[in-house]
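Got some structures for you, see below.
Same chain, two partners: chain A is paired with chain B first, then with chain C.
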Partner chain A sequence: MLFNSLEFFIFLPVVFALYWLIGNRRIKQQNLLIALASYVFYGWWDWRFLFLILFSSLVDYTVGLKLNHEERPARRKLLLWISICVNLGFLGFFKYYNFFIESLVDSFTFFGARLSLNTLDIILPVGISFYTFQTLSYTIDVYNKKLRPTSDFLAFMAFVSFFPQLVAGPIERATNLLPQFYKKREFVYANAVDGMRQVLWGMFKKVVIADNCATYANMIFNNSEDYSGSTLLIGSFFFAFQIYGDFSGYSDIAIGISRLFGFNLKRNFAFPYFSRDIAEFWRRWHISLSTWFRDYLYIPLGGSRGGTKMKVRNTFIIFIVSGFWHGANWTFIVWGALNAIYFLPLLLLNKNRVNTNLVAEGKYLPTIREVFQMATTFFITLIAWIFFRADNVSQAFIYVKDMFTTSLFTTPEIFPLTILGLVALFIFIEWLGRSGEYAIEKVDFMRRPVRWSFYMFLIILSFLFTGEQQEFIYFQF
Partner chain B sequence: MKKFLKHITYGFFFFVLINLLISLKYEYPAYKAIKEKKHKNYLKWNNIYENKNTYNLIILGSSRSYFGFNPKVIDSSLNLNSFNMGTSAQDIAESYHSLVEILNHQNPKYIVLETYLDLSDDRHDYYQIFSNASFFKSSLNKFELITSGYGSDGVANYFVPLMKFNNYIKQDIITIFSNTPQKAPETDWYKGFLKDTVIINKKKIAALSPVPNYDSTSFNKERFNNYFNKISELTKSKEIKLIVLRTPYPPTRLKLDNNTDEESFYKNYFKDIKDVEYFDLNHYKPDIFKYRDEDFSDYHHANLTGANKISLQLSDIIKNQLN
Partner chain C sequence: MKKFIKNCVLFFLLLLIAGEFVVRFTHAVSDIPRRTIDNTGIQKYFINQTGYWKGGDHKWKINELGWPGNLPSSFDKLITIIGDSYIENFMNPNECHQGPLLKKKMSDFNFMEAGRSGVSFIEAMEISKHLDTLQPLQTLIYVNDNDFYESITEIKKMRDITQLNLEKDQIIYGKMKSPGLKKVLYNWKLIYYFYNRYPINFTNHNKENEIKKPELNKVLKFKNEILELFKFIKINYKTSNKTLIFHPKTNDYFIKLAEEHGFKTIVLDSSKDSKSWTFDYDSHWTCYGHNQVANQVKLGLNEHLKGKSQ
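Moving on to the complex of A and B:
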């Protein structure tokens, strides 16, 4: 079920009404409703894959309980590996099997040998990368004794399948979300209003910004050989806003909906395109994934505690694995590696934590230096997005090569003024609201009629400039 | 909770109010036109309902069809009674449900279906679709068109004027800030055919874009196949001859690129289908029916001269190509 669909528009109020009618004294019943609603939400896409979530939940729940009673290190490790193998096994099979087979066959062919292995016609279960990482975080935290395992299977099921964030995150930590399923959830007016506002902003990002940008990004990327450098630049610009609007929009909707049910999810985006360097960008982009990799991969690998060599190695590992997490294609690996290369100079010069504050904090306008820094960071991420979006690595290289020709300085063949105007409006609102959790969080300073008119303005824009409905990009990851 | 629900309700009513105002702005002229018996779709459907079992040849398709097929020419050369049921932005699902409706009141010998990639894509002009469907007498047919023809998107567009009139509102906003002259109302109708004497100007020819292809449209093959099969089965069950035509484009536009997605798709699709005659009018007897840019009023609509050629081509097909 898509958030921007009629089905969801009916589904959400029904679940919301039932949830609060049950009342917060009956936590178990509320959890049961959340689990059932989440299964309906997911099964709407393909009910067969519900068994996968159920099985994954059962395995991690059981492993968690066993870990609680097991003190022998070898047995504990074995239990942890069972969970890792089951979860990553599913992920590996559904997401990476064909990629590995094709790569293996290609490498044999490259060395003149023949290998006859067939790929399979596998459907990628929506959101598998998200819930796999979420359940893994539970087992690892229990293993590391940072979290007491739950004996409440219903709460655990609801935690794994929690519908607002099931298919595209934010990837929640068990330490943050799971305890919320044991506690009484209160309906707080201010939180619910804030949630609705965040949903509205997320919808605007998705249907107005992302979907409209997608039309032009697809048009340009699908026929990149026909366009001038300036048009290719615009194509990558549109893709940058498509992916940002799409993914951060989804996160906003997920966080907002959760608040309606009395849950608090972690922030996933913090205005990444206002970053002054790539390190800051990665502290602001897909925060739940970056911190997941930091805590469960980078730090266990030794983090930056070792020498320079280890730092460089670990940085490359997490960026490449992060790229690979996005999809079974070399383009994502190159995208990850490219970001590692961007990050490296900052790491080696110990400047990766320079820009930790808000850009132009307390001011309306940034300094020239900040503008230059933001523009440079945006531009290098734009180049990296080309690899992320391209069908294959060679197309990406050709795209970049064709972009940097003299035609970069010609008038673009595609220049949709209305959409560019909407993107400009979006950047403007994001800039003004960059001190909040999301851009329109702090609109309470406006008088009620103005504030309501502003909400209505966003709603009208969302209906008026609805782009062609596209699935959320991150569903495929 | 009460306060929250109260505010949500206020917001909802405010939204409904805005939609009512939009509805009033855009539906009222249509309502007035119907009252004055000037509404084009109303007149078309009225003709179908009032002249029961009268027409031997009925044409379905988009504006390319109601600008292109002139019943006067067709009737005089074939000695038939034809009617043009082409409507603006008619989509293949709409053509099917229109046919279902028509066949409840008419018993034609021929059905002509005009086609091009845009007619079975994933972008729909819901205002035009629902305007056409609003004249269906069968509520079930109307319901099926909305629900199975367009799914939840169709339902949402049916109920939310802000969505349904989306393109028109945007156009109106743009018009406020531009000097684009308002188009004169279309009045010169004859049996569903709209006579247009405008000739495309050189400036417009220079700005033409290539004919639709897979990249420039969101052509949905599955949708086309699904609804075409329904149309074909329906005509077959009623022993009606189905003729499918790809109507012509200005020759300059045709030559703009080498992409033949549209031409090849239909050619290959209909190659193996028996009982259905398919012709591409861009290439049908070019020595006799040679098109010039001057036969068009814009990038794909024929003017009166073009329409006469198209109609003569159709007459020739029926006379000489069908048994």
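Moving on to the complex of A and C:
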């Protein structure tokens, strides 16, 4: 079920009403409703894959309980590996099987040998990368004794399949989300209003910004050989805002909906396009995934504690794996590697933590230096997005090559003023609201008629400028 | 919780009002004229209605006879034009209608349009029967493959379209489909906007948007029914002063049958034109497309009229 669909528009109020009708004294029943609703939400897409979530939940729940009673290190390690193998096994099969087969056949062909292996017609289960990482975090935390395993299977099922964030994150840690399923959830008016507001902002990002940008990004990327450098630059600009509006919009909707049910999810985006260097960008983009890799991969590998070689190795590993997590295509790997290359100089020069505060904090306008830093960071991110979006690596290289020609300084063939105006409005609102958790969080200073008019303005803009309905990009990851 | 629900409901109601205002003000949806069925069973529009097409760029008008467009200044040397939404043509301004375009190209004649979306071939013939009281020199009927299939109840029964029941050898006049609901929908612009923007699959289907390549199998399958239709028409209507204008890519079988049953024909051809005749988002003709159509109709019509004068 898509958040921006009629079905969800009916589904959400029904589940919301039932949830609070049950009342917060009956936590188990509320958890059961969440689990059932989540399974309906997911099964709406393809019910067959519900068994996958159920199986994954069962394995991790059992492993968690067994780890609690097991003190022998070898046995504990074995249990951990069972969970890792099952979860990553599913992920590997559904997401990467064909990629590995094709790459293997290609490498044999490259060396003049022939290998006859067939790929399979596999459907990628929506959100598998997200819930797999979420359940893995549970087992690893239990293994590391950072979390007591749960004996409440219903709560665990609801935690794994929690519908607001099931298919595209934020990837929640068991330490944050799971305990919320044991506690009484209170309906707090201010939180519910805040949740609705965040849903509204997320919807605006998705249907107005992302979907409209997608139309032009697709048009330009699909025929990139026909366009001038300036148009290609605009194409990458549109894709940058498509992916940001799409993914952060989804996160905002997920966080907002969770608040309606009395849950608090972690922040996933913190105005990444206002970053002054790439290290800051990665602290602000897809935070739940970056911190997941940091805690469960980068730090166990030694992090940045070792010598230069180790720092370089670990940086490349984390960025490449992060790229690979996004999809089974060399484009994502190159995208990850490119970001590692951007990041390394800052790390090696110990400048990766220079910009930890908010840009132009307490001011309306940034300094010229900050503008330059933000523009540079945005531009190099734009180049990396070309690799992320392209169908294959060679198309990406040709795209970049064609972009940096003299035609970069000609009038673009495609220049949709209305959409660019909407993106400019969006950047303006984000800039004004950058000190909040999301752009329109702090509108309470306005009087109610003004505030409501502002909400209506956003909703009406969404009605009038709704782009072609598209699936959320991150569903495919 | 009560406060939350109360505020949600209040906000929703205010939003409905604000949304309605914005949709009307920006003409985010087209105004749709109200229909009626006259005493001869023909569905047309209430007279003297006007409204804006989507975006507010141009207005449409229903004339005193209940058809879109202006009436000619005189009914002398009259040529009538009958068709479906391509002739109704609300999406283009009046100067891009077939009547005014042909008048510009053939100023000696007067043209009058009778177009309504959903008109089948048999309904077009019924309309022509009534317009014959104006004693036109010629009647141009714009048709495509679907108009023939949709004329026959045995192929597909359609309540809102006038059809021929071959078994009873009888015309079944179309009835208004949910007129009350439509009245609400067309007047409550915000809801109509959503209805258009997020179509519900089983209802929002415009038959004119479905002109595809000729379906050979369908023609073969309903060959006999189509033949019966033409036989019925030959017996019950005057065909000698009727010219059928076939849309591009119409199946040759229909053209052949029409000629065999006394119709004159003009077959439109867009294949040699490098510029598209239709809108990007639907299959209706743009102003350019209408002009190209009028050029080809003029050529064909001149031939027919020349033949008549000889």
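In the analysis below, the second predicted complex is superposed on the first by the 477 of 477 C-alpha atoms of A that agree within 3 Å, B and C clash if a C-alpha of one lies under 4 Å from a C-alpha of the other, contacts with A are read in each partner's own complex, and residues count from 1 in each chain.
Definition applied: contacts are C-beta pairs under 8 Å (C-beta built on N, C-alpha and C of every residue); 3 or more make two chains touch, one makes a residue touch a chain.
These numbers were taken from a predicted model, which means no experiment stands behind them.
Novice: Could you classify chain B and chain C on chain A, in the superposed arrangement, as clash or fit?
Specialist: clash
Novice: Have a look at where A:N222 lands relative to chain B and chain C in the superposition and call it first, second, both or neither.
Specialist: first
Novice: Of the partners chain B and chain C, which touch A:Y455 in the superposed model: first, second, both, neither?
Specialist: both
Novice: Applying the document's definition of touch, where does A:F379 land relative to chain B and chain C: first, second, both, or neither?
Specialist: In the superposed model, A:F379 contacts neither chain B nor chain C.
Novice: Quick check on the superposed pair: does A:W81 touch chain B, chain C, both, or neither? Answer first, second, both or neither.
Specialist: neither
Novice: Have a look at where A:E7 lands relative to chain B and chain C in the superposition and call it first, second, both or neither.
Specialist: first
Novice: Comparing chain C with chain B, which touches more residues belonging to chain A?
Specialist: So, of the two partners, B touches more residues of chain A.
Novice: Using the superposition described at the top, list the residues of chain A that contact chain B and also contact chain C.
Specialist: In chain A, positions 6, 20, 187, 189, 192-193, 196, 452, 455-456, 459-460, 463-464, 466 sit in both the chain B and chain C interfaces.
Novice: List the residues on chain B that touch chain A in their complex, please.
Specialist: Interface residues on chain B, with respect to chain A: 1, 3-4, 7-8, 11, 14-15, 18, 122-123, 152-153, 155-156, 160, 162-163, 166, 169-170, 215-216, 218.
Novice: Going by the contact rule set out above, which residues of chain A touch chain B in the complex?
Specialist: Residue positions touching the partner: 5-7, 9, 20, 187, 189, 192-193, 196, 219, 222-223, 418, 452, 455-456, 459-460, 463-466, 468-469.
Novice: Touching residues of chain C toward chain A in the complex: what are they?
Specialist: Of all residues in chain C, those touching chain A are 1, 3-4, 7-8, 11, 14-15, 18-19, 22-23, 26, 28, 193, 197-198.
Novice: For chain A, which residues are in contact with chain C within the complex?
Specialist: Chain A reaches chain C through residues 6, 20, 187, 189, 192-193, 196, 452, 455-456, 459-460, 463-464, 466.
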